[in-house]
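What follows is a group of structures, each given as structure tokens.
Both complexes below contain chain A, partnered by chain B and then by chain C.
Coming up: the complex of A and B.
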């Protein structure tokens, strides 16, 4: 094997977690440890809080960190960026986000209350947790997306389903009522002769089960001899339709999971940004 | 039979397409099969589902139009009821599988009317429809809408509302000290807002502070160029130092407003010389970095008699004869200077011996007999003659006057008391008959028995009585003040004034030097005897039983504290910072002109 290919393969095997040998994980562990040790050694007047020298410094680091995390929303769309890879930026985004969940309480001296300051932290934790949720989905589900594996997009599968449907209809046209009975049975099992999906039932529902062999056998036995081959073709075609429906359902579920966490992650991160700005305004407006 | 079949197709966008086919046969077939007259391409319809036949009625006569099931799988329903054969009546609803017709009459012909909703889509349209349906982004609100709404909510609740309504509890960084609860919701009671720090004026509006704050401020200004304010050390919003943790919604630990950290003091005192150097001052206190290197205690004692003061300094010239300092500070490890000159004589050793003789019997004293705790549970009682000495120490002065004691107090009063007692003795006592007889012989007047002779002889009797009483009084006075009762405990001086002057004013010949028992040996410290009540007195005040001289100072040295107190945390020891024993401020009374009404305080007015 060509050496260049080996290198290329290794680079490709990096996920956004493990980018460059967990470089960003180690960097953030180091940052957090340094701040923890400093917190432990620090002896501020009074109790540890956001207003000490340590508090201001770590607060500044955390604010810069949040700004950097928000910047990912811009970086993600800068397709022409040459300076960093998107995967590297995402690795930094993920690990810095996790680190902030420890750094911010250090900044506050572990003081919490029912106020805008703790609200900002709670919002940040919602963003971090939803981010971890999304990252875990990506790590486990991204490889299951059909289109990522050359399995066709949702549109491709839907098209095949409808073509299969047309074939089934063509198969039973002008055939005996018994064959029609078989088709009605399989249609009923697949939710109607026409595939007409509803998003929420597809997302929350179960996949279509195999046809009951006994019922099928009973129905097929009634067919006139001339139509027994058609019967087999009908069942095979319906089976393929069923398989396609299950495939599109799995695809829709996977794509939705990969996306739905963003409906928490993004709006709450916007709220977080505003809460942090109010927090900074308030603590300096009413300085101690 | 003429029959019209009309299909009305209504598409979702509202357009209506009506198609009619007229049939003129007596027998029409209905079904999915290609050969049927009325073709219904629906999977619920059989190949040949039913027939519509025009034929004579069986009973009433005449011709009728009938529908007849052709052994279809799903059957024929008329008005939702399955039938094998049925004569059609206007208004009947016929069902063939899922296909429905209504029977009606138009232009003299029977019409089977069917209404279809929806349109049959081509393949591309179906795919487009399904792909759109299955896309999550089309099922949830857009990110722009979500982002904007949540940002608007946060801004409204936590910024706009607090700004407009002045309800700013959500801006508080934590619960405040319980004593500040009254002004909790008036941020401006302490905060100017406007991004400025809390000014001392805000604190001093309610609190009065001692002068200690001033030199500290001056030094600090020189040191760092930053003037520390009250808020440098006193930071609120850290919970209450008294209240329970949960009472103000705090999740963390409550710490209160008072900072207990040695750094507050050692910040300067650990390098006091360099702090004072720019001021050209020399430190009068030792360098202290904490309890571990705290110097031996010093006590405040009375100045030794005859010690010249430091002199009154005026323009750098020290004038002679300047007043002496009233007190002096002496370290406990300086025995040469460590002399308590309190003008009181006391022998601790003797007082702690067993079975001392009292007026009524015997008693063994303990420390608490004289040094009980005050009601504040911190300090020790002042010694009083009446409470602590009188039980044993009698102030009797003459055996002819048993159980008569001079009052404990002013020597002049003591002398006049003696004078009065001897006068009474002279006049009333049976036991002193020689005196009385002589008095009467000289014509002394006995009360209630006046006589002319007596008045005539009064002059000489008065002389006698005055000289008798005065002689006895002066004699007893001298004994009391130079040998017995007073002299036993007090330092006494004989006045250097003429005999005539003393007689003229009937004053005492002696002067009691004012007792100067120190009430606060260590005035800069806060020590509570109450917190140490389990500890035996002599564990700290060692050597009391051996002490025979009044000048002995029996206060504990710092080493005896060190058996329990340490600077750094240690198992089985009390971690002790500066604030444990020292106070930074000496509170002064609030000036009356600064006092305000309760309602003003609650509303945060007048600050």
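Coming up: the complex of A and C.
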């Protein structure tokens, strides 16, 4: 039995990519194809560039497209909207964004250089790529957020790690040095006895590997008979702690990835808007 | 001249008592008002500055004391002034006993005796808090309320109890006092989740000392002795606040000779239209007879004095009656009497009860052919036929006529489910449509009404839902031996392997069916909603047969129990019923053979039942495979609901790919609606449970909701939508004004596009579903 069936059966399997049979993908493919064919048929005076009739027209379309993409930030917060769902708007946003990465070079006649015009294109591409990056994260990482699946929040797991550590410390208290040595070994493998939930170390840290079995066996063999059971409990407890540390790292990484791309996507899109305005001003008014 | 001192003694100076005393003083009748505490005790005990509402707004006030919506202090001042200027005779004493003597009553008080010809009992229920039950419980520093936490500074306070009142008091006091909390158990199972969390935090932080598994043994002036598991502790303490709940002082009332309508704990004293109890000359008013609203109580106080003086008094609600009956020709009084004579079901209601029923009801004059309600409508009112005739249309061929004096709509009334059939007027009819709450109140106080309804409930449940093929007269015979039994959530109807001897018809609620798998673990298989039968498999053979599964109440259930012989008789006499039952049994047998139900499905079913999905009519679920945790659903809710989100995504529970946020389930049987004084909670025809503006902020629904989805909040102005200020976090929140009111999900009834949470989800993870379909899918796919 696949639990996904429970939900899948009832909700149509539309995602923000496939919304209504990929209607926005098809619309943007159509738009792009029409502009490509026109570009191919167009015979401007001189080389194709942004200043031809074709260039101005496609430039107007691209500018309107960018305005529409920027409007998503407003639409997302227009909670009273009754005409569209946010999912549908996001579908249009995603596919139009991808399409613009082709439409804009058509507008420029593939003329790039060290100038404000190309800066605008570069900024746009940063926004588009970061957007694709984010969309792929949305599509693939959502199901990995364990706290959404009854797995406990980051705070819960950190607390469990502390409890696990307390249990381990209690286990070795007033026991032989040999047992303490096993404890020191596992602590060292886990990067210290106290787990400190530092954001960066959780984000960048590697998942803790299994304890080296040979070293463990050597250490366990030294234990007095009376403590051999304690030794096994200690290793089991440490392994549980290791598993918890990996879980919390995974959760923090997943949650961070779902947001981190926005720190590029949003500021650069604002910069893009400014660059586009300068680009338009330069083209029409600047007579330097 | 009788030997008694007064014409009337009024006991209790709450609203009813003050209404009575002021009128007696006005008439210059010899009277005494006995109160052990303060004038206007009911609201004296409210927290300082609390706004008191004057519900019901339309009912005229009839009294010599003023009463309008206002602060606690304003109202108390108005009452005290009125009582003083009228020269009412107030005696501050506690009443110990009331005895009959010749020519009246003897009232033994803490400061002597009083005799009076008539006694008016208006002591309410708040004045009877459950006491500590230990020596010293009556010492002056033991109180049962906390009106002004600010009045306590630097004291050693002990709060007793583990409910919300105790927790709230302890928390309010712990910043400026040394507070201890005495708990019989170790936890706070009865408290709201938020309160439980707050008190645990305060205890952990060392702000409150928590005595667990402890009982008080005695109270002394400066010390209180507590028995803990580790032995007795003497705690220094100069104030004790006991919050152990209130009780209807039934023992005291019965000792006075007053009869009750039934043994039910919710039953109230029987009184006639003049508020006179079964003891002549002893009158009972207000909350004691089920009128918790202040205005009702004041009016009753006024009227009872007029009755005692022998004055004709038109009830205060006569204007409302006249208004209600204005479309019917004739003198309203006569019309009312005519209506009453047509409805034998309400024969045993008192005049006051019947008038209240009519005032709360709607009168319909309908022509032949008009539809009263449609099948699957969500209305839950109760209809009585004053004249004309209607027909219940179960199907095109099957229409059951109902004549004058009878009633219909009772299934929706008790089960809280959709209407099971369309009802159409067949002869021009005058109908009385009464609200569910009003009927339930009457059922609790008038036993004959309950009996009559029970029989019809059972008959119609069998007739319409369970055995529609059976002959109606046959069923009528059958129910004479049938019993009704209620099961609490989690209670077992029967266990796998038990010998089957009865059939259960689920009339209300739903049950889960579970079987042991090969490893012996009990695995949930499916659930059975109201209107179906369980337990039929073991009854089909003559010999004793074991139950093939365990059946547990998934929510509170009402069942009808038929014996094995009655059921077999039914099958013998009705071949079509037999055929259908056989089909049902075969289907269930096949299921049992085929299924080695996956445990995961069972776990998911159990999870959803625990989270109230089986209760729900419409629930917000989040598909974790799609949820990116952006919380735009909460932001949308906040923005469309005056700055306060009614859903808490993270606070809810989740399993596998299903998250159930803390959000209204729009339950089939909404517990929040049970005890709403202004009836502000209501269910719309399409199933939504909403809170109307008439909410008075009493918090009953907050306490009654098992899923913690209702909160008391202050209104904030509508955000409208996107704004740069709100984006930058600069929009200012307005100051909190007026009383906090109950708020919860209303499924965005004002937005025609549907719930904002779902519309604002960028990935389509948030969805609203009717869980019945969901569960059927789960159980089918699980095999």
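Definition applied: the second predicted complex is superposed on the first by the 250 of 288 C-alpha atoms of A that agree within 3 Å, B and C clash if a C-alpha of one lies under 4 Å from a C-alpha of the other, contacts with A are read in each partner's own complex, and residues count from 1 in each chain.
Here, contacts are C-beta pairs under 8 Å (C-beta built on N, C-alpha and C of every residue); 3 or more make two chains touch, one makes a residue touch a chain.
Computed from a prediction, not measured in an experiment: that's the story for all the values here.
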Partner chain(s) touched by A:255 [first = chain B, second = chain C, both, neither]: both
Contacts of A:209 with chain B and chain C, given as first, second, both or neither: neither
Of chain C and chain B, partner touching more chain A residues: B
Partner chain(s) touched by A:183 [first = chain B, second = chain C, both, neither]: first
Chain B versus chain C as contact partner of A:154, first or second or both or neither: first
Partner chain(s) touched by A:267 [first = chain B, second = chain C, both, neither]: first
Which superposed partner A:198 touches (first chain B, second chain C, both, neither): first
Touched partner set for A:217, first chain B, second chain C, both or neither: neither
Chain C-contacting residues of chain A that also contact chain B: 255
Chain B contact footprint on chain A (complex, rising order): 43, 45-47, 49-51, 110-117, 119, 123, 154-155, 158-159, 162-163, 166, 169, 172-177, 180-181, 183-184, 187, 193-200, 202-203, 248, 252, 255-256, 259-260, 262-263, 266-268, 270-271, 274-275, 278, 281-288
Residue numbers on chain B that touch chain A, as the complex places them: 32-34, 41, 43-44, 46-47, 72-73, 123, 126-127, 130-131, 133-140, 143, 146-147, 149-151, 153-155, 158-159, 169-175, 187, 191, 193-198, 231-233, 235-238, 249-253, 255, 259, 261, 263-264
Residues of chain C defined as touching chain A within the complex: 598, 600-601, 604, 621-629, 632, 635-636, 639-640, 650, 653-659, 719-722, 726-727, 751-753, 756, 758-765, 767, 769, 773-774, 777-778, 781-782
List of chain A residues in touch with chain C within their complex: 1, 3-7, 9-11, 14-16, 74-83, 85-87, 90, 138, 141-143, 145, 147-150, 153, 255, 258
